[in-house]
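In what follows, structures are represented as C-alpha cells.
The two complexes that follow have chain A in common; it is paired with chain B in the first and with chain C in the second.
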Partner chain A sequence: MSALVEIKNLTKSYRKGGWFAKAQDKTILRKVTISLREHEILGLVGESGCGKTTLAKVILGLEPYQSGSVQVLKQELNKLNKAQFQYLRRDMQVVFQDPYSSLDPRMTVKQILSEPWDIHGLHKDKTIREEKLKELMQAVGLDPAHLHRYPHEFSGGQRQRIAIARALALAPKILVADEPVSALDVSVQAQILNLLKEISRQRGLSVLFISHDFGVARFLCDRIAVMYQGKIVECGPAEKLLKNPQHPYTEALLSAVPLPDPNLQKNREPVPTKYDLSLAESLCPYAARCHYYNVQVCEQPSALTETKEKGHQCACTRLPFQNDKSRYAV
Partner chain B sequence: MDARKDTVLKVQDLKVAFHTELGTAEVLHGLDYQLEKGKVLAVVGESGCGKTVHALSLLKILPSGGEITCGHIYFKNKDILSLSSEELRKLRGAKISMIFQDPMTSLNPIRTVGAQLTETVLAHRKTSALRAQATAIRLLKKVGIPNAKERMKEYPFQFSGGQCQRIMIAMALCLHPDILIADEPTTALDVTVQAQILKLIKDLQTQNQMAAVFITHNLSIVADVADEVLVLYGGYCVEKASVEELFSRPLHPYTQGLLCSLVSVRDKQEKLPAIEGYPPAAGQTLSGCPFAPRCPKACAKCHESLPPLFTKNGHEVRCWLREEKA
Partner chain C sequence: MNNRIFKRIVKNKASLTGFVLVACFALVALLAPVLAPADNPRDPYQIPQHSYEMTPQPPSAQHWFGTTEQQYDLYYGVIWGTRLAFKVGITVTFFAFLIGLFLGSAAAYFGGKTDELIMRFTDVIFAIPSLVLAMVIAAMLGPDLNNMMIALTAVAWPSYARLVRGDVLSVKNRDFVIASKALGARGPRLLLKHILPNSIYPSVVVASLDIGYIVLTAASLSFLGLGAQAGTADWGQLIAMARNWVLGDGTNTFAYWYTVVVPGGAIFLFVLGWNLLGDGFRDILDPRQG
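Coming up: the complex of A and B.
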C-alpha cells in the first residue's frame, strides 16, 4: 500500500504577541511523522488544543509550516506554485465540524455543490451538471428536489450531508473530516457515521478523521493516532490500540470515556489524575500528568518506536520495561 | 422514613410556551416528576426537545418571550411559581443553584474570579468580606484549583475551560444548595476533564446530600451519574425509569433506538443501527405521538392520538405499544 499523505518530522509554530508584548514562538506540532495510506481511514484523537486541527490545516495547505516535509500525492507542499497547488486541491477536500457555519447561508444547495466545479472549470455542460448534482444528492441521502433550498431550511444532520456532498463533488482521493459529528445530535450522529463509512468504502477514499471520541474512532477507523501537545504519542491499528493501549496518555483517555452501562461504569477503575507542575519542563511532554512517572526512565527523549505488535508504535521510554497488558483497556 | 418529607423538588404538569412573531409555540407539554434528597435525576434529550427550557423554568429565569403557562414547581412544598421576586432571589443561588453549559461565557470576563465567588456569599449571607473570601478560597481548593489564594485575583481568561467549569461549580456549591441544576456541564470539555468534573459533582453530592437535576444528551454520562432518568422527546416525557431499569430494559422505541445507535469503545461495530429521520423542530406541534414519524414500530393510532404515560413497576413510558401490557 502506498501512502497518499506522507508527513516527516513536521514542526509548526505560531508567533504570539509582537505588538506590545515580546514576540514569542508557540510550538503547535512537534516532529510529527505520520502517513495516510491508500483506502484507509486514519483517526486522529486528542484533547482540544493538542494540534489536531492544525495538522489537518497543514495537510490541506491552509497553513504554512516551518520545518519537516509534507508530501501529498508525492508532491512536497512547500515547493508547489499556485497553479500546481490549485490542481492538487481537487484531490483533497474537507468536511468541517460545524455545519451551521461552514455553509454559505446566501447560497442555495445547488450553488454550494456546483461552486467547486466552477472554480476548477469542470462539467460545464448543463445536462451533465444536472445529472451529477442529482447523483451527489442521492449519494448523501438527500432528496434532489431540495437543490433549490437554502441551508437554513435544513436540520444539522442534513446540513452535514450537504457539506459531505460538497466535499465529494470533485471526486477527491483524500478527505479530511474535522470532527464532523461532534456538533450533531446522538440519533443523527449515527446516520452520518454510517454515511461516511459507506461512502469512503465505495469510493475508495483515504480519510483523515479527526475526533476526540474513541468510540467514534473505533467505529470508523482502520488506524488511530493519538496526539498529545503536538506530538503523536501512539499510533496503530484501531483494534490493537484500544485493546492494549501502550502509552499512559492513551490509557488515561480511554479510562475517562464513560460507558453507556451503569453496572460496568460503577466497577471501573479510573486512572489516577494528577498534575505535577515541577515536571512541566520534562523531556517527555506527558511527564507532568503521567501516573507512571519515574525519574530514572522518563527523563530522556522518547521517539515513536515499534511495540511488540506489528504496526503499533508508541512514544514512551517505559515501553521496553512493560510486559503485561494494560489494566485500563476497554 | 416519610417519603414526602424527603422530596425536595416536585414538578407538576409543567407547560412552557414561547411567544414569537409567528405565534405561540408550546415547547414543554406537561412534565411531571419528583426529586428526592441526595438523588440525581438525569434529563436526556436532543437539541430542541425542551431540556434547557425545563431547567430555566425551575429557577424562573426563562428568556423573554418564554412563559410558564401551566403547572406547579414545588420546592419543599413551596410553589416556586407563586413566590415574589424577592423570595425568588433568596432561593436562587442559595437553595437552588445552577451550572450552565459553557463556562467561558457564563463567567464575567472583566471581574476577578474571587470577586465573582464572594459576590454569591455576600448576597445571601450576613458576613464580612474577609469571611466570604475565606469561604471562596476553601471552595476553590475543594474543586481542585491549585494556589487558590493567589488565583482569586485572576480573571476568567487566565483559566482553562475545565478550570472555569470548576469555578462555576464552586460558585454553585458555595452556599450548600439543596438542589443543583447542571445543564450540560461537561459538553464543552475534554473526556479526561469531564471524568474529573463528574467525579467532583458526585463526591460533593454524596457529602452534602444534595439533589441534582442533570441535563445532558450523552447517555454514557447518564449511566455514570444518575439514579433516575427522564427521556424527553419533542417536549414530552417519553420514558422515565431508574437508571438500571432504563439501560437494561428500555421500553420506548426512541430510547431503544438511542441506546442502539451509541458508538461503543468496547466493540467494533460494522454498521450503526441509526434512527432514521430528524428530531422535530422546537415548538412544532403534532397530533399524535411526537416520535411517530421516525418510529419503526408506529401504527395508525400513533399518528392520530398522543399516548398517555403508562406506568408499570415505577417504569413510565409514553407509547401505545405498552398499553395492554401496562
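Coming up: the complex of A and C.
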C-alpha cells in the first residue's frame, strides 16, 4: 500500500501583527507526521482549535507551510509551479463542514457542479456535460430534475450532498472531508456518512476525515489519528485505538463520549480534569492536563513511537501506557 | 427573475409608491420635449424668459405653474429639471459606485498595505464634510454643471468603497470561495463570479437611495451658485431664484408660494420616490427572500 499523502515534520505558523503592532508568530502545527494510504479512510480527531482544519488547508494548498514536507501523489507541494499545482488539484478535493456557507447562494446547483469543469476546461460538450451532471446528482442521491434550483431551496443534508457532488466532479483520488457532518442533524448525519462510505468504496477514494466525534470516526474510518495542540499524539487502526488507547489524551477524549447505557454511564469513573499552568511549557504538550504527569518520565522530548501493536503509534514517553478500561468502555 | 422583482415591488405599498413616483418622473424626463417644447432645441435646458420683470407671476393659463423671478417659466423649468435631475443623479451615482467598487474590492481582496493605503485615503475624504468638500471642488473647477457632477462624484465614492470593502472582506473567507479556490479558481474568477455577486447588493441598495440624495446635494450646490447657471432648468437653481420671494410681499407671506413649492415639491417627491424604491430593493435583493 503506497501513501497518497505523505506529511513529514510539517510545521506551520501564522503571522499576526502589521504596521504598528509587533509581528508575532502563532504556531499551529508542530512537526506533524502522518500519511494517507491508498483506499483508506483516515480519521483525524481532536478538540477545536488543535489544527485539524489547518492541516487540511495545507494539504489542499490553501495555506503555505514553513518547514517539513507535504507530498501529495509523490509531489512536494512547495516545489510545484502554478500549472502543476492546478493539475494536482484535480486529484484532491474538499467537503466543508457547513453546507450553508460552502455553496454560493447565487448559483444554481448546475452552475455549482459545472464550475470544476469550467475551471479545468473539461467536458465542454453540452450533451456530455448534461450526462455527467445527471450522473453526479444520482451518485449522491439527488434528483437530477433539481439542477436548476438554488442552494437555499435544499435542506442541510441535501446541500451537503451537493457539496460532495462538487468534490466528486473532477474524479479526485483524495477527498478531504472537514467535519462534513457536524453541522447536520443526527438523523441526517447517518445518511451522509453512509453516502461517504459508499462513494469512497465505489470510487476507490482515499479520505482524510476530520472530526471531533469518535462515534462518527469509528463508523467510517480505517485508521484514526488523534491531534492535540498541533501534534499527532496517537495514530493507529481504528478498532485498536478505540479499544486500547495508548495516549492519556485519547483516553480522556474517549471517556468523555457518553455511553448509551445509563447504568454503564453512571458507574463510569471520569478522568480527573485538571489544568496545571506551571506545566504549560513542558516538553510534552499535554503535560498541563495530564493526570499521569510524572517529572522523571515526562520532561523529555516525545515523538510518535511504535507501540507493541503493529501500526499503532503513540507520542507518550510513558509507554507502555497502562490505561484504565473502566473509564472509557466502548 | 425580473418579473419576480417587479411583482415584489408592486406587492409592497411603500415600494409601489416609490416605484410609481420614480416612474412618473422618468416618464416626464423622457417626454420633456413633448410636454414642454424647447424654444431653442440646441440648448433645451435654458428656460425661456418672457420678460425681465422681477416680480414672479402666479399660475395662469399661459404659465401653468406660474413664473419665478425674471419671468422664467416654472412649468418648463420643472419638466426639463426632471431630465437634468436624472442625468445628474444617475451619472454621479454610477461613477461614484464604479470608483468605490474598484477601490473597495481591490483593498479587500489584496489586503495588507494596499488595503491600508486605499482605506486611509478614503478616510481622509470621508473626514471632510461632503457638502463642504463638494463646494470647494466645485468652486475650484468653476461654476458649471459638469464640474458640479465631478465634485459630487469626488465626495460620493468613499461610502461605496467602504461598503464594498466590508462586504468583500466578509465574503472572501466564506467556505464557498475557499471551495472554489480548492477547485483551482484564480483571482478574476473568484472575484467576479463568487465574491462580487455576493457583496455588491448592499451597495446597489445604497446607490438607489443615493440617487435622490445626490440630486438633493446638487440642488444645494446650484442654490449656492456653484452648479447650474441662472436660467438653467435645474431645481436647485429655481429655488435659488425664489430666495427673495420666500417671505411673500410683506402683507401676505404666501403671496409667492409657487416659486418655492413647485421646484421644492419636485425635489421632495423625487427624493422620496428613490428612498421608497431603495427600501424596496433592499428587501428584494436579499437572496434569502428570493
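We take it that the second predicted complex is superposed on the first by the 316 of 330 C-alpha atoms of A that agree within 3 Å, B and C clash if a C-alpha of one lies under 4 Å from a C-alpha of the other, contacts with A are read in each partner's own complex, and residues count from 1 in each chain.
Convention: a contact is a pair of C-beta atoms (placed from the backbone, for glycine too) under 8 Å apart; a residue touches a chain by one contact, two chains touch by 3 or more.
Quick caveat, the model's predicted, so the values are computed rather than measured.
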Side-by-side fit of chain B and chain C on chain A, or clash: fit
Touching partner for A:239 - first (chain B), second (chain C), both, neither: first
First (chain B), second (chain C), both or neither touched by A:188: first
Vertex chain A angle, Cα centres of chain C and chain B, expressed to the nearest 10 degrees: 70
Which of chain B and chain C A:157 touches, first, second, both or neither: first
Contacts of A:257 with chain B and chain C, given as first, second, both or neither: first
Superposed model, chain A: greater residue contact from chain B or chain C: B
First (chain B), second (chain C), both or neither touched by A:270: first
Overlay on shared chain A, then closest C-alpha pair between chain B and chain C (Å): 11
Those residues of chain A which chain B touches in one complex and chain C touches in the other: none
Sites on chain C touched by chain A in the complex: 112-113, 116, 174-176, 178-185, 189, 193-194, 197-198, 287-288, 290
Touching residues (chain side chain A, partner chain C) in the complex: 18-19, 60-62, 86, 89-90, 92-94, 96-98, 101-106, 115-116, 119-120, 150, 152, 163, 166, 170
Contact set on chain B toward chain A in their complex: 46-47, 146, 161, 190-192, 194-196, 198-199, 217-224, 226, 243-244, 247, 257-259, 261-266, 268-269, 271-276, 278-279, 281
Contact set on chain A toward chain B in their complex: 47-48, 155-158, 185-191, 193-194, 197, 212-216, 218-219, 238-239, 242, 252-263, 265, 270, 273, 275, 277, 330
